[in-house]
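Written out below as structure tokens is the structure these notes cover.
For clarity, chains are labelled A, B and C in written order, and residue numbers in each chain start from 1.
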Amino acid sequence: MCLGVPGRIVDINGLVATVDFWGVKRQVRLELVDSPVAVGDYVLNHVGFAIRRIPEEDIEGTLALYEELLQESDQDLMAADVRGEMDSARERDHGGH
Amino acid sequence: MSTPRRPPLPRIDERITMKYGAGGRAMRALIEGLFAQGFPATPGPDDVTLSALDDGAAVRVGDRWLVVTTDSHVVKPWVFPGGDIARLAVCGTVNDLAVMGATDPVGLTCAVVIEEGFARTDLEALHASLRAACEEAGTTVLTGDTKVMGRGELDGIVFNTCGIGWASRPVTDRGLRPGDVLMVSGTIGDHGMAIMAVRHKLALEGDLRSDVAPVNGLVRRALEAGGTAISAMKDPTRGGVAAVLHEMAQKSGVGVLIRESSLPVRPAVRAAAELVGLDPLVVANEGKVVLGVRPEAADAVLAALRAHPLGRDATTIGTATDDRIGSVVMDTGFGRRLVAEPEGELLPRIC
Amino acid sequence: MADTDLQARAHELKFRDPNQAASLARAIERVVAQIDDRPVCLMHVCGSHEQAIARFGLRAILPRAVDVIMGPGCPVCITDMPEVDEAVALAERGAHVATYGDMLRVPGTRKSLADAQADGARVHVVYSIDQAVALARTTSDDVVFFATGFETTAVATAAVVLAGLPPNFSILSAHKFVPPAMEIVAALPDTRIRGFIAAGHAAIITGWKLFEPLAERYRLPIVVAGFEPLDILAAVLRLLELVRDGDARVENLYPRCVTADGNQNAQDQLWRVFEPAGGQWRGIAHVPSGNLALRSEFAHLDARVRFGLRDMPAPRSEDREAVARECICGEIMIGRASPTDCTLFGDACLPEAPVGACMVSSEGTCRIWYQYGGRPDLAPTGTAS
């Protein structure tokens, strides 16, 4: 129940922030946010209110989280032959990056 | 893999609600179930008439076809970023003629119904816009009609235009064959998002502008490049590219497969649509064309579109297939899903 | 090149890399193969999760041995007919009724707000409750905000209440609370559900710790998930690992937004204005503490009090069309039936002519199945069509 859309604060005027959603900007109210915000912060907007300040370090952290999950899932496997198959699959996936 | 059951068109409600004008299934039900009933076709076997429910009608006269189309325009607000109701009136009709193959209109009729109290200066501005749009399209107004209704009996102003033109061959919306390439002449969702932003006071700051423009010149170039290899054409207005693809697929008896990554969407439109939970595929356009092209001519037609100022962002978006006849499937990059046939008025959603 | 593109996408918070998605899908396949009792049924309780899954075609890349079902997580779907009837009644009595777009077409006993609008009532669709308040400042007529949505949305209503409202403004609260949605399903004796994907944005408000008693009581793992494709796939993967290991714990896979204790500031405002109340969830049951009602100190803002709605006669079941009684939305919402089990689905019940709310709401299971082809039988990307 949650059309939360993330954006970046470009201006603050009292309890109202102007948020850039990478294409359009909209004013978002700050009464509900969970910590003080500043220009440049990422926030999650829902029905015109910021409900979360998204810490920038957590964005990189999310990417790391997915990587970790995949690696741990790999380590779970018993069979070496399956692991070998996995390694070549990963090389194929990441080769293009 | 079973063919999906084609749901019957809905029965028409006791009362006509807004969805019946929204360009989706309800509107089709109203037209097919009521309005199109009982009118005998013209005698010519090659004629495209009411039963075809195409963008216009085409009646054979000698070795060419007389194409005629009509449109009423009720947009609110009647001035919006990128245009106004008068420009819409001209372009809507010129474009309907164009996608039927009549790219050089003989002319338009223009009837207006004005609400008592409408400002003269506003009317003058609309007239100027009407003239400018005609000039851009290379056409003129031949005749018209004027009515005034009492205050409150009509909401502002309504335009009706009728266009006539000649085509050397009519291009329908039912000629797709498996393998045909589907392309769109530019970015999608511009008009509808601009209107919605204003109408629902979304208070968005960004470049949301209607794309309303006459595309007859663009279509002329495409036809010059592709000729009979252009198997189907439609202009995607209400209901968006999704509605047009569904109609083409169903009438042609093919399936359609499109790639989400290839859909051209302006960043402002994409962001605005995401904020209100809408898919740009179902949002209205007023200056675009969807074409089906035989594969051997696809490159040439695409190049011709891109060479025109209104076709710079023309892109190939998919192909007609022989799978899942009548359905539109989208490759999302992760998996595939069916594209819903739009119905009803688009509303911003929060969930 | 792809790395900087990935960074750019990450900083737009769009976690949508198809290669990573494919890797996650393969990992999911491997884990589910290690679970004996298949298919493994997982439930999410969030309409936006269902929208994301359907929109990105994620079920097409999940193995058939994983069944992700949508539970009662569509606030529009569970808004009961009498609640819609109240809003319709107010509109018919001449008040401006403002509501979110999702609610406009939800059927009441006799009509929806859209029907009332067609009959001349002043019904307004808004994106934010702000707009309804702004409307109230331009007129002396009554303006009622029909407040629907879970806690993620209820906090906005609370904030606006606490900021001060014009005297002609009142609130008809149909807000709901998420945790009871999960409890209902978990408590069913014949539940097939082996784990929950918790709604990420509701959890921003409440935090994830409040799911711990639920996980413990019913021995079911719960993973909090975000809404990007990678968020959802990663959550499914982790949840399956917990199911495989018999580990009934709560894990947070949406750490950039969700914390253990949640948004205290928002919670404070929410509970200052609202209190839990029992209520009927459409087609399901009476849910104790499932609804959010305005506290008595805000009775002056409560439309039910102001307009004497408590005295409205309850609709008799004969009032509902016979066909509506065949609606099995309630069973669908708790995962006991699928849309295709319903005799009305795709026939008498369509998006343009919905019978049950599951077909009305853009996030209702039936609507999504109808639009997107249900559990798609579509070949995954890369396979020859």
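By our rule, a contact is a pair of C-beta atoms (placed from the backbone, for glycine too) under 8 Å apart; a residue touches a chain by one contact, two chains touch by 3 or more.
Keep in mind the model is a prediction, meaning the values are calculated, not measured.
*Asks:* Need the most distant chain from chain B, centre defined as the mean of C-alpha atoms.
*Replies:* The chain farthest from chain B, judged by C-alpha centres, is A.
*Asks:* Tell me which has more C-beta contacts between its two chains, A-B or B-C.
*Replies:* Higher contact count goes to B-C.
*Asks:* Mind checking the centre-to-centre distance between chain A and chain C? Centres are C-alpha means, answer in whole Å.
*Replies:* Going by mean C-alpha positions, chain A sits 22 Å from chain C.
*Asks:* So the centre of each chain is just the mean of its C-alpha atoms; given that, what is the distance between chain A and chain B in Å?
*Replies:* 37
*Asks:* Go ahead and note the Å separation of the Cα centroids belonging to chain B and chain C.
*Replies:* Taking the average C-alpha coordinate of chain B and of chain C, the gap between them is 34 Å.
*Asks:* Tell me, which residues of chain C touch at least two other chains?
*Replies:* Expected reply: 22, 47-48, 74-75, 100, 127, 149, 153.
*Asks:* Multi-chain contacts in chain B: which residues touch at least two other chains?
*Replies:* Residue numbers touching two or more other chains: 202, 277, 349-351.
*Asks:* Going by the touch rule set out above, which residues of chain A reach two or more other chains?
*Replies:* 1-3, 22, 46-47
*Asks:* Residues of chain B touching chain C in their complex?
*Replies:* Where chain B meets chain C, its residues are 1-2, 4-5, 7, 10-11, 13, 15-19, 24-26, 29, 200-202, 257, 276-277, 279, 321, 323, 327, 329-338, 340, 343-344, 347-351.
*Asks:* Give every residue of chain A touching chain C within the complex, in rising order.
*Replies:* Chain A reaches chain C through residues 1-4, 6, 22, 29, 31-34, 42, 44, 46-49, 51-52, 54-55, 58-63, 65-66, 69-70, 73-74, 76-77, 82, 89-90, 93-94, 96-97.
*Asks:* Which residues of chain C touch chain B in the complex?
*Replies:* Those residues of chain C that touch chain B are 16, 18, 21-22, 47-48, 51, 54-61, 74-76, 100-102, 104-105, 114-115, 118-119, 125-127, 131, 149, 153, 229, 346-347, 350-353, 361-363, 370-373, 376-381, 385.
*Asks:* Applying the document's contact rule, which stretches of chain C touch chain A when the two form their complex?
*Replies:* 2-3, 6, 10-13, 15, 19-20, 22-24, 26-27, 30-31, 46-49, 73-75, 100, 127-130, 149-150, 152-153, 155-156, 159, 162-163, 178, 199-202, 204-205, 226-227, 230-231, 234, 237-238, 241, 253, 255-257, 259, 262-266, 269
*Asks:* Going by the contact rule set out above, which residues of chain B touch chain A in the complex?
*Replies:* Against chain A, chain B makes touches at 202-206, 208, 266-272, 274-275, 277, 349-351.
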